[in-house]
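You will see two complexes here that share chain A, one where it goes with chain B and one where it goes with chain C.
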Partner chain A sequence: MSGVLKYVSSRVASSIFTLWAISIVVFVVLQQLVPGNVADIMDGSGDATPAQVHAEEVKLGLTRPILDQYGTWLGHALTGNLGVAPLSGQSISQVIAQQAPISFELAFLGLLIAIVLGVPVGILSAIHRSSAGTDVLIRLPFLLVYATPVFVSGALLLLASAHYFTALYSVTYVSLGSSLIGNLKVMALPSITIGLTEAGLLAQMSRAAMLEVLSQPYIVTARASGLRPVRLYGLYALKAAALPILSLIGFLYGLLIGGVIVVEQVFSLPGMGRGLLQSITNREFGELEAQVLIIAIAFIGGNLLVDLISPLFDRRLVSA
Partner chain B sequence: MLSGVVDAGPSTRRNRGGAWSRWVTAGTRNLGLIGVFGFGIVLIFCIAAVIGPVAVGSSVDRIAAPPFLRPGGAGFLLGTDELGRSELARVIVAARIAIVAAFGSVVCGLVLGVAMGVIAAYVGGVVDQVLGRLMDFIFGFPSYVLPILIAVVLGPGLWVACLSIGLTFSPQFGRISRTATLNIRHRAYVSVAKLSGRSPQWIIFRHILPNIVGPLAVMVGLSLANAEGSYAVLAYLGYGVAPPAPDYGSMLSDAQVFMLNDSWAVLFPCIALVLLVLGFVFIGDWLRERFDPRGEIRFGRGVSGQ
Partner chain C sequence: MLRQMAPETGDLLTVSDLTVSYAGAHAPAVRDVSFQIRDGERVGVVGESGSGKTTLALAVSDLLPRAAAIRRGSVTLQGTDCSTLTPRALRGIRGSVIGRVPQDPLAGLNPVLTVRTQLRDAIRAHRSLPKGAERQEIVDVLQAVAIPDIDAKLRLYPHELSGGMRQRVLIAMALVNHPALLVADEPTTALDATIQAQILSIIRRASLDRNMALVLVSHNINVVASVCDRIIVMYRGEIVEDAPSDTIYRTPLHPYTKVLIEASKSQPLDHGEIDIDGDAPSAGCQYRPLCPHPMPQCDREHPLLDDIGSGRSVRCFAVTAVPTRAHEEGRPSSATQGTSTTEWAGSTSDRPPHGDLRGGQGRPTSAQLGPVLVAEGLVKLYKSRGRSKRQVLRAVDGVSLECWSGGTIGIVGESGCGKTTLGRIISGLIEPTSGKVSIAPGGQGAPDPLGPRRGTVQMVFQDPSESLDPHIRIAESIKEPILKGHESSLPNRVNAALSAVGLDPKLGGQLPHQLSGGQQQRACIARAIIAKPSVVVLDEAVSSLDAILRNEILRLLIQLQRESNLSYVFISHDMTAVLAVSDRVVVMYLGRIVESVGREALKRDGFVHPYSVLLESAQPRPGSAGDLPELLVRTNVELPALAVRGAGCRFSNRCPLADDRCRTEEPELSQYSSDHVAACYHAGELRQHAS
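Then we have the complex of A and B:
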């Protein structure tokens, strides 16, 4: 039991440490090193006097020592107050609350498509490896999809939708709250874009994981002793391959979040990835910090979840 | 499967003694179909990268008279882009940036990662802990986020992109070299070298690095395709080389604006990019078959950060 406790606590502690390190690096390092600040951007035309810009900097607290600013920000953030975005005057929490659901929905749908398509194909192509034709036929399309960068498949799907399936072509976002069908229509192409790319990778990876399991002596023994294929693959092999596939999904999750950023750009969805790129352009570090941290929380949290589920498949992970 | 079919042709012609056919025979035998395709595609891009800019010359930036975004035909084989520049010239010249970006990123990741992994395992203790934390930290960023942030700090550019993409890959190389180093650190020949007064550098370069070449080669193969894709994404988002240098990612993002009316210009950067990434995927596949037939090395994070 203490092994389990030790495992869980060490995983949780290391996740929190990484998050904290990311928060300090994004806030302190970026704000110190990036030329220009939001006061310069607010003075877009450049006709403010230096004294006016400086006054604005003082008002926004940009002249205070950086660690002091970080301390204040962290204290507020921990109580849920992320501050106000200087350019728009909107509360950052509100901005995030508008952006985050879009990104999370996209990530969820994309991962769902990737798992539903990728894992069965990978496993089937591993099982049918001996018949070379089937193996190649199953693998080739997925290799092709895997080799296509996410913005390329996104652009091509967008192009195809404009010409051939116009029902899915859309340039305005419809929120989930206002219309479920409208929202799903808007999200369909972006989710398929992400899902397809990730499915290609997942198929590759789960094929490799399954092949390794199938080469184990106990599988050969089980097959030789006449175990029915359903039982052999479905129970014996899949159980052993589940752990590597699970840790692959954890890894995939990071790629998926990166994919969300790009796809939001391709399809002009007002999500957090697009917001992040905008915050960079506008030097809105308060907003950027919040967006990077929420993306990092989603990523590290997902990996933590995978780490915590993994021992259910392999007890040796916690007994060591 | 198909390599046998390919083999049969040249071997019957061997008596004619053509050096080319002998070369092809040896190539298909050693590389297999996947390897031949992979190395073939990448070789074509490498040739374009070396001689392309010279061969194409100034026509890469030359602006033709309207109509812009014209479809392919006589004069402009692949048509022109939105400024009236030849698509063919730009697709060829962009190969240099694509090849440099892929190999540059992987070399950066390899050097950084191997240094971290070997030092962590060889020195151990606090150093191991600190480097482990550092690698966790780098891994804590979802893909593209760290390169984007680095590009914001250092300014966009090819070398910044290589360095930052390499940095995001370094934990992969670090993890492999750390594990491999731990496995051989206490072998007899390492202890003997230590006892006979060899310096740690000598032991690392003479005994440890040669022992981890195989796994590292597999990881290099897996990383090349990823590096190319990552660079293309950065370029697409505007953090690649500065215009007017041709680059598949930025060519696509420029052409996408006009895509609905003139879809012609979108196609060629897409095709070139997918072909190149596919070439790298095939090379990765071939390296894996050769050095890691059991598929033990994977792109991804080990459970519990080991």
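Then we have the complex of A and C:
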């Protein structure tokens, strides 16, 4: 048991450390290295005197030492107070609370579709590797979709829905809270766009992981014992191949949270991807930092989750 | 001829005219192989790498890889031609009629499933038993393979078991449905000699107790002969000889069989390197290029496997063309002069004692030359992580030794004894925790503890294909140690090194994968000697080679030593190889030297430490697996974890002689006789059984 405890605590600790390191990098890079600050932007017309801009900077705390600023910011962030967006006057926490769930849901649904489609395809094509025809037929459509940029496939889906599945065609976002069905309708097309694309990647990875396992001597042992194919592939091969597939899924989840910008743009979803784009354009560093950190949390959280369930598949990870 | 015999009752397996090819290979891996196996018969298949023995074993157990296909012939099991069976019916045979034991126990068990799950699934694939009966089957079979503490072991995952234990579990999985035939492909090649002896004994016992036929595949004819009643010798995919074990040892008929038997004892050989990757002669006998006594028809005709009576078949004109029972008049092979290394000490033969590759003639005695390598009080500790209490692994625990100029010091012991760590300390790859190594540069003058190590010590590793960069041409790899030399002389020196190890300098332009295993190891040796080192550390340098290649490399090493006065530290788990090349044999156990004996003293005294005697008695000999020496039965203990060791002699928990003193007080190395020290209070009291 001590092995498990040690494993879990070391994973959690290293995740927290990584997150902290990212917060520093994000803060320093965005505050210090990017030219211009929000005070310049507020002075959109450029007719404020330098003194006025400076006064605004002092008011926003931009002239204080960087460590000081970081300390204040970290203290606030940990208590959920991310400050106020200077331009809109909205609470950053509120803005994030509106944007983030959309992106999280989109990434989750998209990944779900990708797993359901991609993993079985990868496994089947590994099992049927000797018949080249089957292998190619199974994988080819996925590779084609994977090779298509999402703004193309998304737009095509949108176009198709306008003609054939008008129920799914929608331009106004419905939140999960107000209507589950309505929300799922809105999310359907963007999720399918992401799901189809990532399914190609998952299929490839599952196939590679499965092929690797199928070449192992212990699979020959299992065949030599006369195991039924369902048991052989379903347990002996799949359980051993699960780890690399899981790792990719954890990695993809984080990647998708930050990578849904284009899809959100195509389907006009007010998620974090679009928010991120706005924050950059407006040099809303407070908001940007929060968004980048949320993405980092998703990334690290996804990988941590995978790390934590990995010992269920391979006990060697927690053996002392 | 064998293949024309009608199947008799009691025939379990009939293989006729079996030919198997791999996609892309021009020659079949198995060609026109025919033999029969009766119920309960134990048959060994022996040959060097590339002889087709593994492909044959896979074909028999219907597990050929996808790239291989049966081109011709058939495998008939219990009267049914296997090629007529559906995949479903074949699956029903695998694991129930035919059990299979794989080569590598470390990779043979599924790493993500428990021992219990894997054993249970092996049963459930063929039978559905009530829970109690199923459990009883599992317990019975684990007892048959001598696994202690069964309940605890069942809950474990493979990585929590030692290599020997894993192989026992794999044998149990193969036996659990009471198969009529067990196919074991090199089941002990990856294991220590002591574990090997135990596993072979378990396999033989299971065969006897269950009247189960056995096909045992190995490159080592001694391993096969220790278990089997009959031996099939394969060369280039063909059976060249098929005979009862005792006869084949007494009077081998095919020249290749003679070579195999000689090679298994590290005798000097008179034949060229066998290049298995090269082209076979298009007509005539395949063994013709290597045969010492070819006959005119050998160039034109392909000899057939002829039944010459008394259960023997042989594929050789020299034997079959003469009808007057040539095989019985044939010169008895030196194999009859004893097959055990025990007789080494007291051999009265006029040949050099068997296993002795060096001969004693004209060699300077150690006293005339100074030491070239002095190691004093070497200790290497590793902190083992991941435990609640920090435990220290004493990999090397106070080792001192000297190696004389032009001499060979052989270090032998089971895995985990610290011999590899010691070799790496000597070569400077790792720093000792304490102690020092001094080396005389250029093999002259006093050993200098501060002298540069690089260039004066070189290493040769176990796996030549992994120790040569696959993307770099051979000549470039060999050049590495002397890159600081004068540019213009480099190509000449590389060519000279290649010639010295018996390779055509043209091979320098090749990439490693274009060379055979033996050629690769020669290239590694060329790389080691090019910088004119004083000491070469050979870490299991011949362990991954089959008997014939091993023999060639050993002869090459000795020849090089004589030419350039090299000193070797020869590290191996293989007692036979160590005895063949060493001036001094050092036996290590759990980080310490337990016995160190010079060549002459060993001939006089034999081994005196119980552990050395154990190692020696574990060497396979014909029929030896039938009666496992009592010593091996009594020492049926896995190596204890190095970190958890109490006071007293570190061998005391396995030692049949251990008394109270041994368990409380650790013996130091003390003089047994001249040039012979051992760390044992009962040195010399235990002798190997006369064999």
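The rule we apply is simple: the second predicted complex is superposed on the first by the 305 of 320 C-alpha atoms of A that agree within 3 Å, B and C clash if a C-alpha of one lies under 4 Å from a C-alpha of the other, contacts with A are read in each partner's own complex, and residues count from 1 in each chain.
Quick note on the criterion: a contact is a pair of C-beta atoms (placed from the backbone, for glycine too) under 8 Å apart; a residue touches a chain by one contact, two chains touch by 3 or more.
None of these values were measured; they are calculated from a predicted model.
**Student:** Touch test for A:48: chain B only (first), chain C only (second), both, or neither?
**Tutor:** neither
**Student:** Look at A:297 in the shared chain and tell me whether it touches chain B only, chain C only, both, or neither; answer first, second, both or neither.
**Tutor:** Neither partner.
**Student:** Chain B or chain C: which reaches more residues on chain A?
**Tutor:** B
**Student:** Applying the touch criterion given at the start, work out whether A:188 contacts chain B, chain C, both or neither, answering first, second, both or neither.
**Tutor:** After superposing on A, A:188 lies clear of both chain B and chain C.
**Student:** Which of the two partners, first being chain B and second being chain C, lies in contact with A:146: first, second, both, or neither?
**Tutor:** A:146 contacts chain B only, not chain C.
**Student:** What part of chain B is in contact with chain A in the complex they form?
**Tutor:** 1, 133, 136-137, 139-145, 148-149, 152-153, 225, 229, 232-233, 236-237, 249, 252-253, 256, 259-260, 263, 266, 270, 273-274, 277-278, 280-281, 294-296, 298-305
**Student:** With touch defined as at the start, can you tell me which chain C residues reach chain A in the complex?
**Tutor:** On the chain C side, the touching residues are 61, 63, 66, 91-96, 98-100, 102-104, 107-113, 118, 121-122, 125-126, 157, 159-160, 170, 173-174, 386-388.
**Student:** Using the touch rule from the top, collect the residues of chain A that touch chain B in their complex.
**Tutor:** 7, 11, 14, 17-19, 21-22, 25-26, 29-30, 33-34, 132-133, 136, 143-144, 146-152, 155-156, 158-159, 162, 205, 208-209, 211-212, 215, 243-244, 247-248, 250-251, 253-259, 261-262, 265-266, 276-277, 280, 292, 295-296, 299-300, 303, 306-307, 310, 317
**Student:** Under the touch definition given earlier, write down the residues of chain A that touch chain C in their complex.
**Tutor:** 2-3, 6, 130, 216-218, 220-228, 231, 235-236, 239-240, 313-316, 319-320
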